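Next come two complexes, and both contain subunit A; in the first it sits with subunit B, in the second with subunit C.
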Partner chain A sequence: MITRPADTLLSVDSLAVRFGGNEDAFLAVEDVSFDLRAGETLSLLGESGSGKSVTAQAIMALLPRNAAITSGRIVFAGEDLVSLPRSRTRDLCGTRMGMVFQDPLTALNPVFTVGDQIAELFRVRQGLDRRAAWLAAAEVVDAVGIPDARRRLDAYPHQFSGGMRQRLVIAMAIALKPRLLIADEPTTALDVTVQAQIMELIRDLQRETGMSLLLITHDLGVVADVTDRVAVMYAGRIVETGPVRDVYDNPAHPYTRGLMSSIPSLEESPGLLAAIPGMPPNPKERPSGCPFHPRCAFARPVCSVERPALRAMGDRRKAACHFAEEVVRLDPVS
Partner chain B sequence: MTRYLGYRILSSLVVILGAATIIFVAIRAVPGDPALVVLGPSATPEQVAALRTEYGLDGSLLGQYMHFLARMATFDFGSSFRLGMPATQAISQAFTATLSLALAALCIALMIGFPLGILCALRPNGWSDRIISSLSMTGQALPSFWVGIMLVMIFSRMLRILPSGGAETPEAILMPAVTLALPLLSIIVRLVRSGLLEVLGEGYVQTARAKGLREPRVVGRHALRNMLIPVVTVVGLELGGLLGGAVIVETVFAWPGLGRLLIDSIAARDYSVVQACVVVLVLGFVSINLIVDLLYGYLDPRVRVGS
Partner chain C sequence: MSVAPAAPSPHAKSPRRGKLDLRLLVPALFCTLYVLAAVFGPFLTHYDPVATNTSQRLRPPLTELRDGSLALFGTDQVGRDLFGQVIAGAQISLTVGILTLLLAGTVGTALGVLAGYRGGWLDTVVMRLADIQLAFPSILLAVLIAAVLGPSLVNVILVLALTRWVVFARVARAQTLAVRVRDFVNASRTLGASHLHIVRHCILPAVVAPILVVATVQFGLVIVAEASLSFLGLGMPPGTPSWGISIANGRNYLVTAWWISTMPGLVLSALVIAVGILGDRLRDRFDPNLTTR
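Moving on, here comes the complex of A and B:
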């Protein structure tokens, strides 16, 4: 058992999530472990299908009906959520952990006013009466930067823009002052200009409340801006983790290195974008050995046979590559 | 909103006028002279002519039509050749009987169909879903005359606890209502099941769960309200159908409703009652449609007009 800092809020340990029935079952997430301390921000970075959203759903007990946690522990504030009944985890949702979803256009219920939906939290979860809940809702909506909050509570979701709707979703997630905010691709569905505002808002809220943030994204820029640490996921596993600056400047895993060099640079001539060759593997038929080896420029015979463990590289970094020490010493990516 | 309502009422009037015109022409296109039907084959030509004059059937077709429209505006359809009373009086009783039968059937279908549909959607492909879904398929496939006769056999002949027909006692409505409800109930079960399954995959359901709401509240408030819209459409259309389409059930159970009155009146070439029946049925259908459209606005703020 690894000792953890006393202020560890969330600790995911060897999590595995299986999808599907007997014949076509596959592991969407496998052996995923990470810690998140109070007030800290961790990014789960990866392509679609890498298992990052499934990890978030597992924490919030929001996994779809055909998915199940098959092993591992999710310890939140001292309680193992995996062994808790779903209804008990549901109690923690909203009050202790909040979640922001990818698509603000579908995350709000179209048939209720936004005030109704936000006040519902205060009424159902905190037992406030109608009037007090409404006032509390106005306060939260005001806090997420929606002008004229009190009047706008009577409006329906379709009367707001995409960015405003995401503010409302955030308002709902933070209304009861949770200690953990999980943001699953919070800016992906938004215009670029709005993306920055939303991330700014999340950061401000985090600064005010001291909550921890688990940010799930495929956007390398967003990660660099707001995150302390990053965990890169590939094919259901964490392949590299460490402080953002270290991982970005000197990736220790060839996949991370590929991601970094795919960022177009303004200084260099605008030629071809560097892309990682090939496609992420189908989760039902992942390659043997290191799942990244068919696409890896550094692959050697051992890579197709033996799966590299996630091992420590210095005291704050980990990487799952047989040749991590070589990769990390390569010239920094531009 | 007022403008929309005005427009809808106006277009409803056009529909009623069209239906009235069609039935006016159609019933006269059917061979058979009402006077002959009433008087029988032994009537003298003088008697026939006299009766035709009495019923206003001797004028030109256009004249009769204008007369019909003018009286219809005051809800007067003339008197029944067959029953010897004003047509409005004849149908008002029948309409009440049909409406109570249709509403009873609707209540049964909704009260049973909704919970069953929800039960199916909560555990899709579970055993309760399989049983209920196949039963609802069967329920829709069974012809109502057969169901009706079976019910009569069981509850009237064998158990002797319910009257086989008529509307004399309050419990007489039970069997015709159940028979009428069965196909509608099956539709509602499958509609609620598929609608709820679809809605449960929506983002706002996840949001509701992430808010820590209990599953009954997530389903009962956030999901259900969103799947009501397609259900309301079908229920509205079906209720319109129940008003006019209860002929078979009304015949099996000797229920004194509009459908039976309409069939008997057509057979007797009772022009005034036929016309009155059709106009009232169309009026009912159009009103239900209007109510359904107004309900949309209530259920889904995105289609609210003029806001």
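Moving on, here comes the complex of A and C:
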């Protein structure tokens, strides 16, 4: 057991999430552990199907009906969310943790005005009266950088652009001043120019409120700018974790290394983009040993037999590769 | 039934907004006419639908009676005025139709939303019950229950509601299933919304539009069902001027006095057709698949 710093806000410990019924059941997330300190930003990085969104859903109690947490603990501010009754989780949702969704087009209720939706939050959760709630809504909408906020409260979600809508989703998520914000690919559905604005907004809000941020993304560029630490996920497990600069410059896992070298560079002449060969494994038929070995350029016989544990590399990094020490010493990527 | 007010939905695009849509307007006007006749008809005509007058029996339509009044639709075998009967019948048919749909719609929607939202055993129980009920012809079920309960207005409404809730439940459930996994519902959840709040603010608004369309379509069917039950002597008590009873009354006189069965029959058909067209048009306009996406 690792001793945790006193200011740990969220601590996920050996989390496993199972999908499906008896025969076709599979683990979408397996043995995932990480800590998030107050005010810190951690990015869960991985391609589609790596289990990063499922991890977020498990934390927010949003898992679909056919999924269940089979083991592990999710300790948030001293309380284990897994064993907590639903009513208590609901209390925490919104007030202590908020979530930003991937697609702002669908994350707002289309039949109510923006003001109604946000004011409702203040009325139901903080007991404000109609007037005060409306003013509070205007304030938070203003805080996420929507011009002319008071007038715009009367508009329906479809009357906003994608970027503005994502600002509204963020406004709702932070309205009750949560201590943890989970952002599940908050910029994926947006234009590139808007992406930067949204990330900047999230970062500004984080600086003002001191909340922790769990950022879930497959966008390596987004991660580099805003995050303190990254956890790279592959096939439902964390394969590497550490401070963002270390992991980016000297990956200790061949998969991370593959990800980094697949980023197109502005300096080098445009040639063929480096890609990781093969496909992520089907979660129902994961390879024996290291799940990455069929695609790994460094694979050796032991890799197909024995699964590497996630082990410490120095005091701040961990990697799940038999040959992490060799990988980390390779030339920096790009 | 007049035109249902459209929910302010961004996607309920009507290609001809502003222009007169005759196929919507004509049936809507027609239905309004029936409502007006049912509500105000008894005050405007002095025809008593149940007063017998044996000296004036079996008069064809447009006969001038001895007291100087005009028998617009003729009289039946005991001299009751058919126009009066038809108007009184409109009252019964519309009452039955509206109350049945209110009852079936409320119960069916509630059960459908509950089944779709909760899922699990509740969903299984409610929907299998619905499947079993759909396996029987609904009129057979209605006849069976009506025969047990006996003829009365309340019983007719209960019986018909019992055969119709299934349709509402299935539509409400399907819509609930589609909406409950949408992002904005999850978003509400992450903001700590209670189940009741989610149902009221996320599910129900999406369910209302398709349910209204279903109600319009079902309205005609319910009216026919009421007439059928009354025709068979299982609906309204004998002596009430229901269209079904009036039609049944004329059975023995089809050759000599065709108007006794024909007049209420025509009026019934016209209403059902008008409601049917109206329902179709409303469905085209406020397609549930568009309004919820």
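As a convention for this text, the second predicted complex is superposed on the first by the 334 of 334 C-alpha atoms of A that agree within 3 Å, B and C clash if a C-alpha of one lies under 4 Å from a C-alpha of the other, contacts with A are read in each partner's own complex, and residues count from 1 in each chain.
Just so we're on the same page, a residue touches a chain if its C-beta (ideal position, glycine included) is under 8 Å from a C-beta of that chain, and two chains touch if they have at least 3 such contacts.
Worth saying up front: this structure is predicted, and the values here are computed from it rather than measured.
Look at subunit A after the overlay: subunit B and subunit C clash there. By the touch criterion defined above, A:245 lies against neither subunit B nor subunit C after alignment on the C-alpha atoms of chain A. In the superposition on chain A, contact is made by A:91 with both subunit B and subunit C.
Contact with neither subunit B nor subunit C is seen for A:207 once the two complexes are overlaid on the shared chain.
Once the two complexes are overlaid on the shared chain, A:311 sits clear of subunit B and of subunit C alike.
Once the two complexes are laid over each other on the shared chain, residue contacts for A:121 go to subunit B and to subunit C alike. Using the contact criterion defined above for the overlaid structures, shared-chain residue A:151 touches neither subunit B nor subunit C, since it reaches no partner. In the superposition on the C-alpha atoms of chain A, the part of subunit A touched by subunit B in one complex and by subunit C in the other spans residues 60-62, 90-95, 98-99, 101, 103, 106-112, 120-121, 124-125, 156, 158, 169, 172-173. Residues 202-204, 206-215, 217, 222, 225-226, 299-302 of subunit B are the ones that touch subunit A when the two sit in their complex. For subunit C in complex with subunit A, the touching residues are 7-11, 119, 181-184, 186-194, 197, 201-202, 205-206. Partner subunit C is touched in their complex by these residues of subunit A: 60-62, 64-65, 90-95, 97-99, 101-103, 106-112, 120-121, 124-125, 156, 158-159, 169, 172-173, 175-176. Against subunit B, in their complex, subunit A makes its touches with residues 60-62, 87, 90-95, 98-99, 101, 103, 105-112, 120-121, 124-125, 156, 158, 169, 172-173.
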